[in-house]
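Both of the next two complexes hold subunit A, though its partner changes from subunit B to subunit C.
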Partner chain A sequence: MIKKLLLTIGLSTTLLMAQTARDIMQKVIDRDDGDKIITNMQMQLIDKAGHKRVRDMKTYSIDIGKDEKKLIFFLSPSDVKNTAFLTYDYNDDEKDDDQWLYLPALNKTKRIPASDKDSSFMGSDFSYFDMTKPNLNDFNFKIIKEAIVKRKWGNEDVWLIEILPKTKAISEETGYLKSVAYVKKENYMITRAKYYLRKAKRVKYMDVKKFQKIDGIDVATITTMTTKKGKRTLHKTVLIQSDVKMNQKSVTEDMFTTRTIEKGI
Partner chain B sequence: MFFNSLVKLSIATTMALSISTLNADEFDDDGFGGEEEIKIVKQEAKKPYSLYGNIKTSTSYNTSKNEGISSLKLSTNTHLDYDINDKMKFKSTLNAYIDDKIDIKDDYDIDLNEAYIQMKLTSKIDFTIGRQIVVWGKSDNIRITDNLNPMDLTTPGMTDIKDLRLGRFMSKLDYATSNRWDISTIILHENRYSTMPQSGSEYYIPVQFPNEPSNSIDNSALAISASANLQGSDIAFYALNDWVDNKTYKTNMLGFAYNIVKGSYLFKTEAAYFDNYDSDLEDSKIDALAGIEYTGFTDTTLSFELANKNDQIQYALRATKSYINNTLDLTLLYNVYGKSLDEGGFVRAWADYDINDQFTSSVGYINYLNSKQRNYFDSIEDKDRLFASLAYNF
Partner chain C sequence: MKQYINLLNRYKYLIIVFFTIIVATLSISLKNIAFEGSYKIWFDKDSKILKDYEDFRLNFSGDDIFYIAFEDNSKDGVFNKKAINTIMELTYEFEDIDGVEDVNSLTNYPYMSDSDDNFKVEDFIEDFDNLKQKRKIALQDKLILNQLISRDGKTTAISVKLSEELGSNEEVNIYVYKKILQILNTYEEKTAYKFYLSGTPAVTASLVIVSQNDAMILMPLAVVIVTLLLFILFRSFIGVLIPSVVIVFTFLSVLSIQILLGYKLNNFTVNIPSFVSSIAIADAMHLYLAWIYYKTRSSTNKEAVYLAMKNNILPIALTSITTAIGFATLGFSSIEPISTLGVAITSAALLAFIFSITIAPSILLILKDNYKIKKINFFDISNIKGYGKFISNNDKKIVYSFLIVFIVLAYGLTYTKIDSNSIKYFKDDTVVRQGSNFIEDKLTGAMVYEVIINTKVKDAIKDKEFLSTVVKFEKELYKNFKNVRFTSSIKDIIIKEQEVLNPNSSELLPKDKNLIAQYILLYNMNLPQGKSINDKIDSDYSKLRLTINSNIQDTSKDLAMIDWINNWWKINTKYSSSVQGQTTIFAYMQKSVSDTLITSISLTILIVIILMLAIFKDLSYTFLFMFPNIAPIVLVAGVMGYIGITIDIGVAISAAVILGIAVDDTIHFFSKYFKAIKEQNFEKSIDYIINSSASAMILTTLILSATFSVFATSSFIPNINFAIVTIVALNMALILDLVLLPALLSIKYKKQNI
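Moving on, here comes the complex of A and B:
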């Protein structure tokens, strides 16, 4: 009888904790991350020998209700210049995101299946999945523990939340066996994350190196993503956002079309 | 009552966890590394103009005849873009090459392949005038509706995709409707045919092609398209009145293209009706294509296209896999004609490697497949070759 009661309490506690983790992740998703944004973005791709490749981009984004539309224009280097990417990130779980890629070498816009989420985004350590908002219904969440991340600007109180794909198909689609998000209690931003890849026991470490408050909204302006196998670094990407402008009147919904990625702004 | 107990238990558990972890910092040596100094790599300030492109040296070696190096080429693909103002842009592409090995009259070429002005007349209307490339259709390997620009066919299966389409002087008016449709009306002022292998080229066949019609107003071609990007699918309709490539008469084309995404699959279809297409054989024809693209494997794209074009079955299978953070791409393209795969074609396998942001290299092999039908591919079946290139991007 006591054993049964303990089991019931244990299961119920786990359930309650799971709901709490899910609530936290919902708040991460729902957090105000700005609207009508224009950003200069630089991606530094660093291989294991330390050789660096640099990609400069200009991005535009707009919220349409709970959906988000995003434009990314590649400015350099010359072999990817004018390549552009358009995404409609739907909040509705039933809808697959729409993605198109304009390839100037082909003078052509190609639709990209949105389920191609585990592939590298333009050679970086970020995958297409990392660049979009996840569908929370695809995952189970659990608070592992609470902790402090020591930063040079001060300590960050965080929840460590384990994120497990609900099915093997979702795991295969995202490329992750599981991940652990370090969510700041202060503002529900993910400050660090560990992604356990299906591929060859690799782990990716996402780390926000700099936050900035812009128009009252916290923005991760420097983020690194490092792919490791054991303790060995295989590749690293540094993503730097600069000149972030929010609530720009020039950003309108009719910009977010394939016509814009083909002709530029 | 039971719920209250659970909440208390939960709070107690959380507090216990907090006490146990707040004293420990396990993260500094947990794969994230320490605090490092990260600097933005400074880029040049934005200028109204930009000059970019590549200078490439390429070579090929005929392995069938063992006659040594058959091409040693220096080429450039140079772009000059100029933002005249917020609503007007000038864009141009210059292609040029000199080939030390080919024994033809013109062993060099300079071609201003694109030079056009793009104007934003209103928020919904654009006008583009000049020599430009306009791509129709959804297929990647076999052209069904993509008939506005001729092709560089001087080295079949070998021409870099950037240099494959030849620009034509056009006036293009685009109108974007408020419900996702783009309508384009195009007048093609310049009549330009696909370039064929010249006398002296390894690929030359002694066929006399007609001269292009003059670029008079009477000889202008007309094209109209309507396309839309919908949720999960794209659709386009096309109408064209244009000269048949390398013939002396015009055709009317009506076509459509459609693709739909389902999970990791992209299904593509295209069809086009042409009247008065080939006066020697029949008055009209219908070309059609069905294709599928699969992107379910990491950093891999597989595509297959099957078409009935010019009353001939054509298959194209392409597989591309990226390695080392997209610095190395391996591609296999199998392009073959005939219902029983016996009417010729080619298999090409190559590797593209980005040495760094400035230098890219490529190496590969092309094998031409002969035909039981005694067609063009029989005359080039001994042109199999190894090829390599090194490009400096600026």
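Moving on, here comes the complex of A and C:
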């Protein structure tokens, strides 16, 4: 009798916990990350010898229903100035996400099929998959444990959530064997993550170095992504968002077309 | 001397125990024996060549790349399911090995395509569809033709790159090398393909493995052979013991001291034990055979020991000093393996001397007066008479015959080449040699050179002017050097993008620098995460890396090509170039080592001449002394010139060793001669030398020949060359000392006594 009761309680708790992991991730995805945003973005690419290359960009993003569209204009270095990038991130898994890159020197726009999410975003340590919202149905989630991440500005209570691709195909598409996300209990933002790549036993470490509240929205303004093999750092990217403006009236849906990247704002 | 012998006699047991304990204690450090094979040891720490290479490694991610190749002879070559699947699986397996950073193969080659304005960079072959079409594309793609796929589509290669930090560690090289071989063995069974392995890390790994084998197998074998020979000759325990004790004690002490000083064994220094043994044996043999000579003629054992020591201590001391001085010059080299060799042999000479005059006589003194000496199992020349007369009667004939032989053989010097090649250091049946031969035969050059072209201006590699210069350079390179099979740099990627994205343009390279920059951005953005172009350019976009695959060639040709490349950029452009890579530094290293050795040997000869001049105080005697020692080296070099063996590091070392050993015999000869000629005539003096010292000279040469012959079985060609050259030269030196030298002395004696 007691055994049955304990078993039932145990099972329900487990079921509750399994639900919770996915629920947590759902909340991460559903979190209000702002709309009609204009920000300056600086991307620092650092090689293993410590040499740094810097790219400055201006980005515009808009939510259309559950989809998200983004415009990224390169400001520097000068030989890529006015190169521009357009992405459509569809929530519906039936629809493939889309990207286009405009090359001003060629005066042509190239569509870059986004089926290969394993590719690197702008040549950085972030992959295209890292920069878009994943389809939760492709993965299994599990709470590994709860923990505390020590930060300069205080401690963060987090859940460690293991994210496993459901099929080999999905693993190949994203480039990951599995990932671990450190989700802040406070606001369902991922503050840290580990990505285990399929390729050559590499691991990527994502870390948010700075959060800011802008117009009531939590924004990760400085994020780093470091690619390592074993203890060795192969490459590192630092993404810095500055001058973040939310709810800009000037950001409208009809802006997010290939015409805009070709002609400019 | 009498007092010294009495002293030894009093404390003989103590002395034996004392030295045994010291050597045993030192030998404890032998458990720390270690091997090294890294390129770093061959350079002076401040060497610019080394610094430049390390800079290159840091900025361009190094050049530690294994090449694995195989052939599918079916009509579609490798473009069938089985071969493609093999490539895919191997790519995957290699990527998984610890220490491997990147794997490039036909299947994961980033293939660019643009259709309906859809630009893609993806793995060239991801499935088994359309292989016929893929074949057609591959055989026209300049980025992979003659590197990842052969012209006939039948041979393919996979390149496996080690990470830069680990690639210079030879243990990692060996680990990955063995792992790759393991995987290839499995696949050979699975697929029946034969796989071939090459590349500089494979060469490094093989160098270490070969030297380990030589140390572990050949050295003990040499010891066994020497012991056996000694026993066959002397047929007595003492006959084996005396020389063995001196050799082993010297060898153990020198090796232990080296290890205590922190030195590791490398391809060069792994031969130290055999050099040390060869130096130690001469002292012991002379002493022991002298003792036998006197024992059969005197009353007491103590008397025999006394006489043997008295008559040999001076020559033994002299030989030890000349050897020590000779090799001390090497000790000053800034190249670690060479200075190690110098220090080791100098200390060996001194230690062997000490052991020969302490332990050896002490052991002999233990024997009773009635100890029976067995006859030496060898022709007994201790009682020969009439040789002196023979020499005296035929001196001129002997000298003229030698002169003719000398001139004929020395002429071969005009054909002599000093040269070397790291892959050719391995015998044809070794993994790396087979691998390189196959790859060169079927696919591309096995030697890799990295040219770093410096535009000196930030972002300047994106200039069309610069990239066109690179195109021009390549054309002239191919024209002037038929060994060059393949070149690649980021320029080829840009040209490809232009082809794919701007097919209507007539320009090979876009005029617009911005377009080139955007091409690079586009390409970068489309690479799968983990892959990048960071190893092709520096972070300022001011330096471009151009990789050249060339056929195996001798170092002198390497250096000529490197010079040509650097000159071309200097004279024809405002840019500058620097040729890097392990092939390049090997080439510089061979040259600097050979130069060092030749300088050292010349210096040694000079020092010995001065020393002998001081001793003889007579120029003609000095000449007579030096001739039988230098002549063998010259003669052997001449013979090598005729038969086409190039002089490499092994041969250069051989010259040093020959000089050290051959000089000893001449010193013994002269010391006996000057002693005898005071009281006897020429003919009797010569007989005396033959009776008292010739056995030692002959037997030493015999034993050394046996010892070195073991190294002729090594898989490392410089060791084989060393063995052959040394054996031939030592025997020539012996003949010169026993035949020509007396003849020359006869002529001089007759002149003096007219």
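Throughout what follows, the second predicted complex is superposed on the first by the 249 of 265 C-alpha atoms of A that agree within 3 Å, B and C clash if a C-alpha of one lies under 4 Å from a C-alpha of the other, contacts with A are read in each partner's own complex, and residues count from 1 in each chain.
Following the convention adopted for this analysis, a residue touches a chain if its C-beta (ideal position, glycine included) is under 8 Å from a C-beta of that chain, and two chains touch if they have at least 3 such contacts.
Bear in mind the structure is a predicted one, so any value in this text is a computation, not a measurement.
In the three-chain model built by superposing on subunit A, subunit B clashes with subunit C. When both complexes are overlaid on chain A, the residue A:K228 reaches subunit B alone and has no touch with subunit C.
Of the two partner chains, subunit B and subunit C are each touched by A:G123. After overlaying the two complexes on the shared chain, residue contacts for A:I240 are found with subunit B alone; subunit C is out of touch. Of the two partner chains, subunit B and subunit C are each touched by A:P113. Residue contacts after overlaying the shared chain place A:R259 against subunit B, while subunit C stays out of touching range. In the superposition on chain A, A:P77 contacts both subunit B and subunit C.
Look at A:V203: by the touch rule set out above, it reaches subunit B but stays clear of subunit C.
Among subunit B and subunit C, the chain that touches a larger number of residues in subunit A is B. Contacts of A:A49 after superposition: subunit C is touched, whereas subunit B is not reached. When the two structures are aligned on the shared chain, A:K152 is found in touch with subunit B, with no touch to subunit C. Once the two complexes are overlaid on chain A, the subunit A residues touched by subunit B in the first and by subunit C in the second are 47, 51-53, 77-79, 81, 105-106, 108, 110-113, 116, 118-120, 122-123, 125, 175, 199, 235. Contacts from subunit C toward subunit A in the complex involve residues 58-59, 61, 95-96, 98, 100-103, 114, 116-122, 163-166, 459, 462, 501-502, 510, 512-519, 521-522, 524-530, 532, 534, 538-540.
Interface of subunit B with subunit A (complex): residues 6-7, 9-10, 13-14, 17-18, 20-22, 24-28, 31-33, 35-36, 38, 40-41, 43, 50, 52-54, 89, 118, 123-124, 126, 133-135, 138, 140, 161-162, 165, 174, 176, 180, 182, 229, 231-232, 234, 259, 261, 263-266, 293, 295-296, 298-300, 322, 324-327, 354, 356-358, 360, 393-394. Of all the residues in subunit A, the ones that touch subunit C in their complex are 47-49, 51-53, 77-81, 83, 101, 103-106, 108-113, 116, 118-123, 125, 127, 175, 197, 199-202, 204, 227, 229-230, 232, 234-235.
Those residues of subunit A that touch subunit B in the complex are listed here as 9, 12-13, 16-17, 20, 42, 44-45, 47, 51-54, 56, 75-79, 81, 88, 95-96, 98, 100, 105-108, 110-116, 118-120, 122-125, 143, 145-152, 173, 175, 182, 192, 194, 199, 203, 205, 207, 209-210, 222, 224, 226, 228, 231, 235, 238, 240, 242, 254, 257-259, 263-264.
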